[in-house]
Amino acid sequence: DLPLTIIAGPCQLESADHAQMIAGAMKEACDAAGAQYVFKASYDKANRTSLGGKRGMGIDAGLKVLDGIRQSMGIPVLTDVHTEDQCAVAAQAVDVLQIPAFLCRQTDMLLAAGETGKAVNVKKGQFLAPWEMPNIVEKIESTGNENILLTERGTSFGYNTLVADMRSLPQMAQTGYPVVMDATHSVQQPGGKGGSSGGQREFAPVMARAAVALGVGAVFIETHQDPDNAPSDGPNMIPLGQMPELVATLMRFDALAKANPIKI
Amino acid sequence: DLPLTIIAGPCQLESADHAQMIAGAMKEACDAAGAQYVFKASYDKANRTSLGGKRGMGIDAGLKVLDGIRQSMGIPVLTDVHTEDQCAVAAQAVDVLQIPAFLCRQTDMLLAAGETGKAVNVKKGQFLAPWEMPNIVEKIESTGNENILLTERGTSFGYNTLVADMRSLPQMAQTGYPVVMDATHSVQQPGGKGGSSGGQREFAPVMARAAVALGVGAVFIETHQDPDNAPSDGPNMIPLGQMPELVATLMRFDALAKANPIKI
Amino acid sequence: DLPLTIIAGPCQLESADHAQMIAGAMKEACDAAGAQYVFKASYDKANRTSLGGKRGMGIDAGLKVLDGIRQSMGIPVLTDVHTEDQCAVAAQAVDVLQIPAFLCRQTDMLLAAGETGKAVNVKKGQFLAPWEMPNIVEKIESTGNENILLTERGTSFGYNTLVADMRSLPQMAQTGYPVVMDATHSVQQPGGKGGSSGGQREFAPVMARAAVALGVGAVFIETHQDPDNAPSDGPNMIPLGQMPELVATLMRFDALAKANPIKI
Amino acid sequence: DLPLTIIAGPCQLESADHAQMIAGAMKEACDAAGAQYVFKASYDKANRTSLGGKRGMGIDAGLKVLDGIRQSMGIPVLTDVHTEDQCAVAAQAVDVLQIPAFLCRQTDMLLAAGETGKAVNVKKGQFLAPWEMPNIVEKIESTGNENILLTERGTSFGYNTLVADMRSLPQMAQTGYPVVMDATHSVQQPGGKGGSSGGQREFAPVMARAAVALGVGAVFIETHQDPDNAPSDGPNMIPLGQMPELVATLMRFDALAKANPIKI
């Protein structure tokens, strides 16, 4: 098994400089710890809780920034798409297309993403059981694309709360595709602050570690140098300054987990 | 308060004849009971559980059928849209645009639907608390459109199960907009049959009656002359033959509820 | 079908005078509306959220008060028991023994309650599916006692929240025993205030009305002349002053529901 | 931090020989791996799903067996109590009294258990949030007993299903008391087989490992040489033959977790 991949970056793109600063810091942390690294950021937040929430740079400017990171820094890049049409466009600039959780059952999006030939990371909907993921995988596979990742990002648990069911990770791994733990969205409190989502940032490392101990392929973490002033998802992002130590710790658990694979 | 509206029809359009047959039968049942009637059917099932599920007639043929019902039968028509682009197109043929539950937070869809000037019925996501609906209302209102309906269709409750929280109905009514109870989707068992959703058809009248007793503006019911052989949502649709009695009973509760309004 | 029974009273006994005052007011309201009435109060709150919560008068003094209401006012009385031993003792003084929700699977309690020959009202645990109730019924029936009531009081829904699933009512009715809707506990927010439970008093009439429309045999409501200063369950109790109108309204829905029985 | 404790044994006592066989095998496995070991078994299953479920040896015979293991094998012993009265009796024979999840808020039981001076392990109710545990701790501490353990055993998640929220472990650890992960009950499917509970045995090692990676003090595991023929909890017990390898693996994660403590 390959060493753990860290998929990390700010929730949304703020500027080219900002993206490069975070990508650089994360790349350094991952190199130091022996982790593979993929930069993540969104060019558009298409489903903000409220209309007033900042949506980001937009697709044109955003993809330029992402492509720049890929080209100039040699770092693979992931971004999320929001419509069928965006798939082919975004595929020009990134290595991994991500299907947002709310959209994980939209057949045409899955097909359009699959048809780009790029890797497709599907976030399991908050309303979906892990054993429903094979149906989604099959939609993408129908395009001939078998470069698929499946992400746990928490399941609805009452109102304004998610719970991350650890059973989901080995369950989804039975598809044969790499499983990703989204450590920061699974501690979100959707809509929990009225006009925006709350979050329990302090539990994100808990989720990451538990998942890595179970042998996941990657951990997805949103990070920011100043989460409390980030334009989105501040309450659940991990401060950038804490990432080197977190990544180093996760790699220790990853080595142990890969040496002791769990089977269900 | 106006008498109850029944929004009803087959899950998906099968043919012009089939749609007219159901619209005609429902219109008759509603007229007999004193209910207002809106025909409902989908031209595309864009988020089927699995790739093999039938998706329907498609937008061109489907809108033609819907427009036909409106023009020739004088029955108002509702259909669901799946992308931003479809809003303006569908608005030519129908009276109410419906935003599917999974898409209820997609800002651009809500704006595009609002901008048509048509009535917009938003299904509350299975992952959303009722008190988050004002954020969604505000997105639509920002287009100047105040012709909005809000629908309860069940909330995620563990895996493969929904629960309809009756508190949601008066809670959403506090927005000032009419509230709709989706009696058949709230008894769905999403993904519960592996490659398709299960359902508890027998509880749909239970949900409808409880909601009507609380004074909702409308009830949404999918119906089919032969649910077990319908191309989608068979397990939760109510047989067409049971609709006249159901509608008549609901109208009795509606009259009592409207005479005894509940306040929270 | 018999007209609706209202099971109502303060969460806990405070004094003989207080109990009689509430019993008298409720009796008057029920007589006026044509409802049957059963007085309810606890002599001990055995599972308060925190140690500091008031537990009540205790079993000896409490049963004396309950027996007094029965004897002097001719009103049937219900109280909850907390151990096997209390069943036979409480049975001397009351008409209905109630098994608390947390204890609904304690076999020896169910048997001891059944053996008294008194009616036994079992509250469905917050952790129990409605279709598990036949197992509980069978435990009581094994004592030869077939005087059983089954109560819905909400199901765990995430943390600190309950949801009342309306499907539960006709589902439990399939046992053949009367079903009770606990309108005030199902809107509790368990532990929601840290050292005590919160509640959404405003939704209790919502729950009551929805359930009555479905044809339940009884509604259980905790009430107090001054809920905000009651020793327990204040946040979810209905003010006594609102009860006459609520009971009258419920009876209108009861008459309609009994004339239009729902079947699943 | 001390090395991990394994609390393990059969769900219910079957005979002295059987208990000793399992205690011996587990002791050997734990010694080999460097784990501390506590034998666990119940003398009575007081809340079986249905009346027909086997309840076990009873308190007199059962405590004799437990005391024998303690005396003759030098292994500490844990058992669960079901009434206030049983606390003092069981305390004669065991080292740890366990409060069952359904009973975790029964004040008198908590006080009676605390007053024995023995260690008290409280299973967090399926209906309780982790942040409610300080209220329970305080009840026990009021007796002067500060020898307390807190156990996560899963939380209600829809019907017939539990979910183990990993956030609960560091959250409960904030009380300062050792936290236990119940790996086998948290994968139970309560009432899932109609007259008895189902379970997902294959996920018990998943739960155990995730929890150990987070640094819990102990793991609770029910085990049996032939789970499919055990008198209770067969579907979720781990076969005894798999325990040596499981314990050895858990100890590797324990060492890493204790060297990398997680803080929230």
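By written order: A, B, C and D. Residues from 1 in each chain.
Everything that follows uses one rule, which is that contacts are C-beta pairs under 8 Å (C-beta built on N, C-alpha and C of every residue); 3 or more make two chains touch, one makes a residue touch a chain.
Computed from a predicted model, the values in this text were never measured in an experiment.
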Original post:
Could the interface between the copies chain A and chain C be described as same, meaning over half of its residue numbers are common to both, or is it different?
Top reply: same
Original post:
Taking mean CA positions as centres, which chain lies farthest from chain D?
Top reply: B
Original post:
Could you state the distance in Å from the CA-based centre of chain A to that of chain C?
Top reply: 48
Original post:
What is the distance, in whole Å, between the centres of chain C and chain D, each centre taken as the mean of its C-alpha atoms?
Top reply: 33
Original post:
What are the residue numbers in chain A that touch two or more other chains?
Top reply: 155, 157, 159, 163
Original post:
Which word fits how the chains touch one another: line, ring, star, complete or other?
Top reply: complete
Original post:
What part of chain C is in contact with chain A in the complex they form?
Top reply: 157-159, 161, 163
Subject >> chain B-touching residues of chain A, taken from the complex the two chains share >> reply: 46-51, 55, 82-84, 102-103, 105-108, 125-129, 131-132, 135, 138-139, 142, 155-156, 159-160, 190-191, 195
Subject >> Residues of chain D touching chain A in the complex >> reply: 155, 157, 163-167, 169-170, 187, 200, 202-203, 205-207, 209-214, 249, 252-253, 256, 260, 262, 264
